Amino acid sequence: METINTIQEQKHPMDDLLRMDRIPHIWCPGCGIGNAVSAFAEALRKLEYDLDKVVVVSGIGCTGRVAGYIKTDSFHTTHGRAIAFATGIKLGNPDLKVIVISGDGDLVSIGGNHFVHAARRNIDLTVICVNNFIYAMTGGQVAPTTPIPAYTTTSPFGNFEAPANVPQLAEAAGAVYVARWTALHMRRLADSIVEAFNRPGFSVVEVISPCAMYYSRINKLGDGLDMMQFYYNNSIIRHGESTDNLNIDYQKEIIVGKFVDRERPAFSESLNEWLRKDQVE
Amino acid sequence: MSGYEACAEGALAAGCGFLGYTPIQPSFGIVRRFITRCAETGATFVQMEDEISSLAAVLGAVWTGRKALTVTSGQGFAQMMEHIGLGVMLETPCVIVNVMHDGASEGIPSMPGGGDVMQARWGSHGDYEIIALAPNSPQEMFDLTVEAFSLSERYRTPVVILFDPVLGRMKDSVNIPEAAKIRVEKRKYYKGPKDGYLPYKYDEKDLIPSMVDISQGYRFHVTGLTHDEKGYPVMNDECQEWNVHRLVNKIRLFADKIVRMEEKYLEEADVAVVSYGVVSRDALTAVEAARKEGIKAGYFRLQTVWPFPEKRIAEIAAGIKRFVVPEINFGQISLEVERCSRGRAGVDAVYHAAREVGKPGSILKAIQKTNK
Amino acid sequence: MKADPRDVFTGTYYIDGDVAMAYGALAAGCKFLGGYPITPSTEAAEAFARIAPRAGARFIQMEDELGSIASVLGASWAGQKAMTITSGPSYSLMMENISLGAAMEIPFIIINIQRAGPSTGVPTCTGQADVMQSRWGGNGDYEIIALAPDSPQEGFEFAVKAFNLAERYRCPVMLMSDECVGHMTEKVVVPEASKIDIEPRRFYKGPADAYLPYKRDPDLVSPIVKAGDGYGIYITGLSHDEKGHPVLESGNSYDLEHARALNRKSTDQYLVDKIRKNRDKIIEIQEENTEDADVVVVSYGISSRVAYRAVEQARQEGYKVGTLRLITVWPFPEERIRELAGRVKGFVVPEINYGQIVFEVDRCAEGRANVVLVPHGGASVHQPEDIYAAIRQLLESKKRYENVFEFRTILERKVFGGGMLKNRS
Amino acid sequence: MDKILEALSKGIEKSGIGRKRVCLVTDILYDPEVLETLKIDLFHTSRGRTIPFATGMKLANPKLKPVVIMGDMATLGGNHFVHACRRNMDLLVICANHFVYRRVEGESASGDYDTVSYSPYLLFENPLNIPHIARSCGSVYTARWTALHTDELTRSISHGLKKKGLSVIDVISPPAELLDFYYRHSEIRNGEDTIHTGIEEEKKIIVGEFLERERPTFIESYNRQLEEVLGDQFVKIEV
């Protein structure tokens, strides 16, 4: 009997890393969060780390949904509290690798305090902050990262508040590793995530990502891919640049690269040492 | 041992391995005791930047397999409201100790209060049921803290312990039994095959799903959004019904098993004094004084404030004329008593009874008044 | 006093409830909104941000909800009418500062567009489960006023009313709307300024050195001053006396005499008394056909509109059904329910939660009337058939219920089949 | 009276902006008697929420110059601090850096005061470098003094009151018996890069005026942007 050659079902290399039963995802066409997720998945693949020991925590918002698509133990928590929740996980079981993926509004606005203090304590977390300059999930409100004078629904006459500089805040608070890439720097981003992952202490990777639905539409900046390319073409790689110079102006060049890489004692080390001393006394 | 210390010891005896806190008066006695015992018990602790993150960290720690505790007071408890909701939604067992102080907002931090009782039940948005315990002596601080951990593990819910600074500072002998004699409910773990785990597939008998720890390879996902059995978000009213109805009923239907109370002199009583926490000590004195005067007074104490012993109150109401409900607030539990008495017995609330702690005058007066 | 024409954008609009509430707040003279985006309340903040600069009002999007509510308290003390708009989890975050606002007796309003909870729940869908929370959510004892609009038009009117009540009683007022009303687009008529009554802030007018921030008038409310008027006020969230100075226990030991003295000095009790004493002036309900009713349907917000359909059907079929709609959910109209309980067979309470206001109804019914809850987990509204069936069941039942009777809705049967019910006794 | 309040009172006098325009928002409990000297309005708010409270006040009445004294700034109010700096709200923020939670029985300060560890939280945690965070987030004037640097502190406060935008003064004010200890272990280095002003064990406390710059305040940016877009329709915020 003649056999018919059928196309064999092939496994995508990321199948093991993503919850394929949840695809299609909720993100809009042209969104940069997908890139961040695949870079992250790529990083996990490169790391060859035991995925059972990896935990992903995210907050609320578009990027907050990432946890739901990564096939590790994953938590989708409350708005802004992903880092606090992750702190509990890390201290509860120090053997785990805990990764927080969330948006700019979640991490820097409402979660700003947890961001600052986790960096200060130097809790061993890797934070991936997807910065799309806007609150996208709620329909395009002004975020602390929105450049001047971008239009949003709650800055209907143009934003006038100075935007936050995420790498600078991270550095000032005490993060040990800080990098920034745009959503199209896929390989560099993945490498950065690998580095951050391996660094003991609080590490931050910022991903500049387009919001095709709100930020772009309100400001008439084209579709998601246009913006992604714009960010990519207008980025300048400057490793070790002083974080003072990392402000992002509206539709101007974006400095990317690895800015901070240093060592500080992590929280759990200090705690254990203190407990030991306490015991001796 | 003081009440604070008894609480910390109770937590450690129940196997609590994590404390997340932010310093706030007057809850700090518990923290101090807990921290000094950390090195020998292997427990860990973290002082977070605010109460919001304290409870968030506690919820995170629980999923690593530890039992976890947070302690707070007054406004700190108010800050925790959002995460009580998350704890309920994720069905995360944890214990929250709230040292109630007097007054709204900052009130009078070192004075006992009772204004957070309804807050413990209703404070977070959305519908849920919760368990709240109210000890009235250092010994009971110990016992009920252990019980709180048991209940939280059994029903997979945050459990609140409500007490106040007077009980916290009160020194009394506390009997801590041997470790082997302390019975704590074990967490209900999933034991089936790895790919068959569904985080919110509940047992028809008790409506409680089983848990797994992080890092055991189940690769589960949980979310504060309304979710299905898999833990994945589903945004429709059927799924919402599926969640909320069960969250409410997993406690409501088993209230009889959870409820703990103490009764005295209630047979043939005309007046029943319903109280909880520190006030109950004075209530008992007042009841006994009234009985000496020949008034048939009975004593009823809530050890679990929530769920409320509805049935028992209704039964008592049928046999008495009036309830007297002394509280350190302007009427909270007295409303519940009124509801459950179903018009069979009147209710006299004694407001702010505790500003006279140690002298049950106002309670006694209220009892005497009912007799006229 | 009448509204300032500059604040009132007179006209007939086709807008949703969120936007109508923003118009209402502006008409009431609101000059400050401290907000933070959260579905489904954001449209109100967006509308405010669009319109406010033209009315001299300020909008700031704060870094979080704790910040937005705290900024509202500050703005109110600086002399402006202020509000925040929020929903679900954000409302929970505000609890601490609501308690502070109540203790400082600051007039401000919170618009809460309720969504399905607990926790993140279903952000885009409706719920009515924050009703008890608005009353009890903060720590300690205080009372608040809560209003529940059932249409965008009422969203506008109640926003004005909320500000008036807040100014009148110096307390937080919650505008407890829900996602349905918030996102419902209907005709909204904004009348002329001369037709809108505004309660002006009651500023103190006497000599500066005689001013006591918490010295009360017969209604137990005290006049207020602005920060920066040179009165040198001391305002605290601690329990305070008439001067606003904190009353504190000295030392750590519990001193009975001292406690008595504090009790006399502290003004804590007025936080509840000022509302309880003025209950009759505050409470508003809307009744229809309750005179001869056998069954009264008690509802509020969007549920009252759904209930209306069921009641209509029941009346057409000859059943004597009345409706009682809560306009002020808090304070609760206890006396009226007690009165009705004496002569009706029972109450049907449809609400989009698993029992909140129904317990209040049950309490006031004092066992004299049966109380049936038509529950709903949230994320959609009741089916009128459920409410109708509950009315029928109540009329037909012969026995007296020992507790609130939880009606089994179509949705529940659909979701659980026999499962959950097996456990029900 | 508290050293900071003393300096504040003198600072208001010195700046000449008038007591009526200043109001104090704080989460530290002060005795009401301080008002007899200060003669300003005082708001004692919930812990950590002082800055948003003051932000609301400033926007509702732009003529005011709210002064914030934060006790628990470094913890509960951290986020508000960060964002107020970013917005450049016109406030003067004084961080009463107690090194310990003063109201919780001096947890970290227990033990031998001579070998006291420089930590605002727990003995082993790294303290926050407040001037550096302030600078990074955008404050326009940053200084640090110990509470015993009375004259310098007064001068800084007076300067901060006059300065438009968010000024931050970090005041090392431990329990009274330790004041002198910290004063002795401090070193004045005006204009020092804030990256080096962290408080570390075994090192001197660097004090001085670290930063002075100009940035548009929130209200200025607001007025400019909306006027540009809305023109005559816009009702400006009058300062």
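By letter and in written order, the chains are A, B, C and D; residue numbering begins at 1 in each of them.
We adopt the following convention: contacts are C-beta pairs under 8 Å (C-beta built on N, C-alpha and C of every residue); 3 or more make two chains touch, one makes a residue touch a chain.
Predicted, not measured: the structure shown is a model, and the values here were computed from it.
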Next on the checklist: So if I look at the partners of chain A and the partners of chain B, which chains show up in both lists?
Outcome noted: C, D
Item to check | A-C or B-D - the one linked by more C-beta pairs in contact | outcome: A-C
Checklist entry - Cα centroid separation between chain A and chain C, in whole Å? => result 39
Item to check | chain B and chain C: spacing of chain centres that average the CA atoms, whole Å | outcome: 27
Item to check | Inter-centroid spacing, chain D versus chain C (mean Cα positions, whole Å) | outcome: 37
Next on the checklist: I need the residues of chain B touching at least two other chains; which ones are they?
Outcome noted: 49-50, 52, 75, 82, 85-86, 105-106, 223-225
Checklist entry - Which residues of chain A are in contact with two or more other chains? => result 76, 78, 109-110, 112-113, 116-117, 144, 157, 267, 271
Item to check | Touching two or more other chains - residue numbers and ranges from chain D | outcome: 44, 46, 48, 75-76, 78-79, 82-83, 122, 125, 226, 230
Checklist entry - So in the complex, which bits of chain C are touching chain B? => result 66, 88-89, 91-93, 95-96, 99-100, 102-104, 114, 116-125, 127, 129-130, 132-133, 135-142, 236-239, 247-249, 252, 254, 256, 259-260, 262-263, 266, 268-269, 271-272, 353-356, 359, 362-363, 365-368, 375-380, 402-403, 411-412, 414-416, 419-420, 422-424
Checklist entry - Taking the complex as given, what residues does chain A use to touch chain C? => result 60, 76, 78-80, 105, 109-110, 112, 135, 137-139, 141-142, 144, 153-157
Next on the checklist: So in the complex, the part of chain C that touches chain A is made up of which residues?
Outcome noted: 35-39, 42, 45-46, 49-50, 53, 59, 61, 63-65, 89-90, 119-120
Checklist entry - What residues of chain B sit close enough to touch chain A in their complex? => result 17-18, 20, 36, 38-40, 44, 46, 48-50, 52-54, 56-66, 68, 82-83, 85-86, 213-225, 230, 232-233
Next on the checklist: Going by the contact rule set out above, which residues of chain C touch chain D in the complex?
Outcome noted: 31-32, 34, 53-56, 58, 60, 62-64, 66-80, 82, 96-97, 100, 226-238, 243-246
